[in-house]
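Right after this note come the structures.
One chain, subunit A, appears in both complexes that follow, with subunit B as partner in the first and subunit C in the second.
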Partner chain A sequence: MSELQFTIDGKDCKAKSGQTIVEAARENGIYIPTLCNFQGMKPAGTCRICTVKVAGRYQAACTTPAAPGMIVESNTPEIEDMRKAIVEMLFVEGNHMCPTCEKSGNCELQALGYRYTMLAPRFPYLWPVREVDAHAPKIYLDRNRCVQCLRCVRGIVTGDGKHVFALSQRGNKVGIDIDAQLAAGLSEDQAKKAMDQCPVGAILRKEIGFAVPIGRRKYDGKPIGSEV
Partner chain B sequence: MGTNITAVVTGVVDAYKKDRSRLLDIVRDVQAQLGCVNDEAAAQIAASMNVSRVDVDGVVTFYHFFSKTPVGKYSVYLNNSVTAQMNGRAAVAKSFTDLAGCQFGQTTADGLIGLFDTSCIGMNDQEPAALINGVVFTRLNADKVKSIVGDMKAGKKVEDMVRDHGDGANQSALVKSMVNNNIQRKGPVIFAPFESGKALKAAVAKSPDDVIEELKVSNIRGRGGAGFPTGMKWEFCRKAQGAKHYVVCNADEGEPGTFKDRVILTEAPALLFEGMAIGGYAVGASEGVLYLRAEYMYLRKYLEDVLDGLRKKSVLGANAGGKSGFNFDIKIQMGAGAYICGEESALIESAEGKRGEPRNRPPFPVQNGYMGYPTTVNNVETYCAAARIVLEGGKWFKSMGTAQSAGTKLVSVSGDCRKPGVYEIEFGTTVQTLLELVDGRTARAVQVGGPSGTCVGKKDFGRRICYDDLATGGSIIIIGPNRDLLEVVHNFMEFFVEESCGWCAPCRAGNQLLLHKLEKIMHGHGTEGDLKELESWCKIVKSMSRCGLGQTSPNPIATTLQNFREVYEAKIRKGADYDTEFDLLASVQESCRVAGRIPNIHEEH
Partner chain C sequence: MGRKITIEPVTRVEGHGKVTIQLDPQGTVTDSRLHIVEFRGFERFVQGRPYWEAPVLVQRLCGICPVSHHLAAAKAVDVIVGAGTGDGLTPTGEKMRRLMHYGQMFQSHALHFFHLVSPDLLFGVDADPAIRNVIGVAIHHKDLAVQGVMMRKFGQEVIRATAGKKIHGTGAIPGGVNKCLTTQERDEFLKGADPLNVDKMIAWAQAILEFFKGYHAKNADFIDNYAVFPSSHLSLVRKDGALDLYHGVLRAVDSEGKKILNDVDYQDYLQYIGEEVKSWSYMKFPYLKSIGKKDGWYTVGPLARLNTCDFIPTPLAQKEFESYKAYTKGKPNNMSMHMHYARLIELLHSIEMIKLLLNDPDILKDDLVKKGTKQSEGVGLIEAPRGTLFHHYRVNENDQITMANLIVSTTNNNEPMNRAVNQVAVKNISGRKEVTEGMLNMVEVAIRAYDPCLSCATHALGKMPLELTLVDANGDVLGVVSK
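Here is the complex of A and B:
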């Protein structure tokens, strides 16, 4: 693979051809926030938090390949404020009761809220009515917390390639649907993977939980992005 | 019931040879027989096609005309575009609910009649209009509704409820529709006389590269709205590597207020299909797909018949246009009710039998389109113009219009004017000139390009309709002096909330929040701070959204805030920098209603 050069906020960066801006940024020690993105999965571009500006146009850095000579603006006050707005939108369009959530401290949405010092969101809460689905034997699906990142849709498929999770409805009614029958056939590992890949607390493994106490979880000590 | 479902599903799935890419057709046909696609039907479709149940449900619930619950023996979809509202939709809706005995969004207890709202059905020049089991009813009023509901209760066939037929091919045996073409002004490109077969002959006499060169000379840009140079698109597609290439025609025509493609499909389908064949020749395709919006189902048989005629004349089929070795045919793929399916990559997903969600780019459709092959997606009018350019030459075409916007444009005019309908005008025509043509001189505002376009006022009527000034895919809605502009904006924002595909956060959540804020202002609770927030939120949604829908959906608010700020200022509380949205009166009334008490409050107005 050939190497190419480009810049992010004026800093020279190297990328392999075909690499997305998000991937290349990490390798060059630059943090671009992401939420729906997950290493090893085809990027979906649903959350748009990684939006950057390239040649005057806004683009999602997770779906845009780095190109030779590209000039990327990322950490500007304007873009950072719009990213914060996305975090706030995700909070108000769902029902996020962090203190009672099993994922608190490990939740990427919550961690982004901290990183962007979100106090009260600028938007009014929409209080949608969302259903909880506990039909599947191993998995508990709480749509109140779902951010529609589609990691479960992309990542959890049966041996013969069937989707266990899929989107249903459209617009503000979209939600993740679980095929309870297929979910019943998930192995222990797959069920755990479904929970671990969910950035929030929408997909939980039934019958286990709170093994690590709140306060000692991944983002309780240091903010998201500090590993970069 | 169970066995019936099994028999129906098996029959339909087998008829489509269990082809995953035909899932939309399968769902439509199952629904036609069972009245809906409920959990059991969806599960059986999934099992017999070896896909997961949630994937079938995902498709059923994405499209407006598919339903998991019964839609009634007669399903009435009443258009709720702003023009329908201007023309008395509220009274028509009330007649329907009173006479049918159920509310919109419901089906009568006996399962006879279902009433539903629907986004613009492409009849804006003859509103209020509705689709009943796919049959179009235009210019509705209380009397007509009375006779329609009477006919439904008497069990009459929907086709037989249509008494008068419209003009032109609307009268043909295969259409028999009450729709009117309303062609108000013919121009040299689309509705000029056309001898079928001639354009393709002229094209195949040249090399494909020369055909593309001619289009480049003409400077033609896409007529669907985005305005991408057609010659360049065809060249990219031709050069892209792939075992096959595809030509797709975008006949989704979903932007509220446009209906010109419907009129082309009715009056000039042969020109369109020949344009597609020319596209096929140019890019190296042997198959074309016409993606036809579900609302235009009433034209399908007629269009199939036109295709058959062209096959007989060897304009389509083996050695098309008399060119040995050039084999080209066209199939029709029906949509199922989703504005987003007009976006070209969403259209491709939908044509492949999936949810109509746009794709991430790159790759672009010209590299990786329908079924993964290089594909050119073009608007109905673009293909027609391409055929005419091949006949008359690129220079001829370029001599019309402006430097950046060559040729003529069909515009669909509706709203407050005396002569609504389709006009072929030269690019560069001013709004004022158009208003004179259509006899809409009293206009207070003109919505150019539909909800996703621009709302301009009198001071801008000198501006020109073209890509470099006021761009439009064809929709022009005229708003008269007595209209409440904020009601218009509200209708447009509700449309976007309804039609967002829901994939990305800023569009899915942002449009709801914009609508919410607009309502706060309309209810008299807005402040100067709210107007500033509206502006800033519009920018966030436009900048962060993934596709053209979210990138333009704030336009109704953004462009009226810019051009009609006084309308907003008249509604807000001057001097106040904060107003809670909490409406004490409404809340107390609601809680009293729930608790069954009589409110003891005094209004201070």
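Here is the complex of A and C:
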């Protein structure tokens, strides 16, 4: 695989041909925030939190391949504020009650909120009415917390290639649905995978809540992005 | 023409409430009420949530004693996950929870006495309010103020080590706890730098009890005759009759000490306890069904606990308990201001319990959770700092809560507090030409004795009758509409 050179915020970076800006940035020690993106999964570019500027145009860094000589702007006040605005929008368009959510401390959206020092969102809360689906034996689906990243839709597939989760409806009513029959057949490992792949607290394994004490959760010690 | 005096807000209590006192043209008190003007809705909006969320969600009722709600809810969901009714956890699970609870008791009782009550005792109930507050204590009685702050800190640190956070932790989970103590954490409490170690805390708890007893000796008329009325008393007691703030059976005694609820299993509390709703308060009025709505009210909290229990299972507190009981010749104590005395004995008991638990090797073990056959319903009771706290949940086959009923400590004390207010108002305000701030504070002093936490206590959702009264310029009622 051939190697190419480009810059992020003036820093020389190397990338393999076909690598996205997000992947290449990570290998060059630069953090670009992501939410819908999940390593090992085909990128979808749904959340836009990874937005960067390339030649004056806004691009989703998780879907845009790095190119030779590309000049990428990422950590600028304008882009950082835009990312913060996206985090705020995600908070106001759902019902995110962090204080009582068992994903708290392990939640990527919450961690981004902390990273961007979100105090109060600049947008009004929408308080949508969303249903909880608790019918599956091993999984609890709380749509109040869903950010429509589609990680579950893309990533949770049965052995014979069937998708357990799917999008339903359109526009601001769009939401995740769960196939009751397929969900009933999920193994413990698949249920755990579904919960781990969900960046927020929308998909939870039943009867496990709050098993990890405060202080030992993923983002208790270090903020999101510090692993890069 | 009559007058209405309103005390709003009632100060140096947790939460928001107001008192109205109705006077006739001669200035005689004709009626008085403690109104709880906050509204919460936890019983409703916990519905639909998964049961394992209840201990973390419902504790958000309160920032003062969230540990009590956390543990009462956890005890209820223990029943749901088949871990028994309060005594079926692993030794580590139960002892870590107890440690958390006694940490909460210790810090809450310290806060109440030092921050909220001591200004009345140190400066006098009718002293200048500019001095009669916690800042005044810090300026004029620095050592006492520092003790109060550090005792509270110690209790809060115990909570942090067991629950993960000082306020709104997650330590208690269905069937147990999510962590044990590390030896480093334990040793910090046992041998921490002065004053933050358990032995110093015991010494300070004894000292503040001596301070109160000294005050009592000099002010017996005030402490013994202020808001005194016969009351029934209710609390959990250990099966052998010992004071137990975490678990036990439900016992009630009447004002003479006769058992009127004889060590019953609290899973059946609905057989024994009813709740009445009144139009002028968001707080419900619980009563013992066997006695009825009118006379079935009872007191909970430190005074009630020391009236129902037979002994205290720690030596220093037991010694104090013996002289406390001797003061009323073994009979139930119905003196509202003795609530402070009882609270300080519990403060001492709590820190003794903390020391015992810290020295127990079980708190370092990692066998944390126990579960069994799932149930559809569970009741969890605990003795919160302010009294008996009831949590009751039902769940459906999908693990969602379908019903929640909370009877909060302060709710149990609703009627006694109203009686205390009325008695003090009649005694101190009736017939006076001028009503001073000091006289109004005397009413607050009576409420404060109960250490009410008003924000927790308002749950009459869907049961409050709404009444609209139309009155003309002369005060004549033209019509009443209610739904």
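In the analysis below, the second predicted complex is superposed on the first by the 227 of 228 C-alpha atoms of A that agree within 3 Å, B and C clash if a C-alpha of one lies under 4 Å from a C-alpha of the other, contacts with A are read in each partner's own complex, and residues count from 1 in each chain.
Convention: a residue touches a chain if its C-beta (ideal position, glycine included) is under 8 Å from a C-beta of that chain, and two chains touch if they have at least 3 such contacts.
Source: prediction; values computed, not measured.
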{"item": "When subunit B and subunit C are modelled together on subunit A, clash or fit", "value": "fit"}
{"item": "Which of subunit B and subunit C A:T51 touches, first, second, both or neither", "value": "first"}
{"item": "Touching partner for A:I214 - first (subunit B), second (subunit C), both, neither", "value": "second"}
{"item": "Which superposed partner A:M41 touches (first subunit B, second subunit C, both, neither)", "value": "neither"}
{"item": "Touching partner for A:M118 - first (subunit B), second (subunit C), both, neither", "value": "neither"}
{"item": "First (subunit B), second (subunit C), both or neither touched by A:Q169", "value": "first"}
{"item": "Subunit C, subunit A and subunit B - angle at the middle CA centre, rounded to the nearest 10 degrees", "value": "120"}
{"item": "Partner touching more residues of subunit A, whether subunit B or subunit C", "value": "B"}
{"item": "Subunit B versus subunit C as contact partner of A:P99, first or second or both or neither", "value": "second"}
{"item": "Distance of closest approach, subunit C and subunit B, by C-alpha atoms in Å", "value": "8"}
{"item": "Touching both subunit C and subunit B, counted on subunit A across the two superposed complexes", "value": "none"}
{"item": "Residues of subunit A defined as touching subunit C within the complex", "value": "99-100, 102, 132, 134-135, 140, 204, 206-215"}
{"item": "Residues of subunit B that touch subunit A when the two form their complex", "value": "50-55, 57-58, 61-62, 338, 340, 355, 360-362, 497-506, 508-513, 516, 533, 537, 539-540, 543-546, 581"}
{"item": "Subunit A partner contacts - residues on subunit C that touch it in the complex", "value": "48-50, 52-53, 55-57, 60, 81, 163-165, 168-171, 173-174, 178-179, 398-400"}
{"item": "Subunit B partner contacts - residues on subunit A that touch it in the complex", "value": "43-48, 51, 58, 60, 63, 65, 82, 85-86, 89-90, 92-93, 122-124, 126, 147-148, 158, 160, 162-174, 177-179, 181-182"}
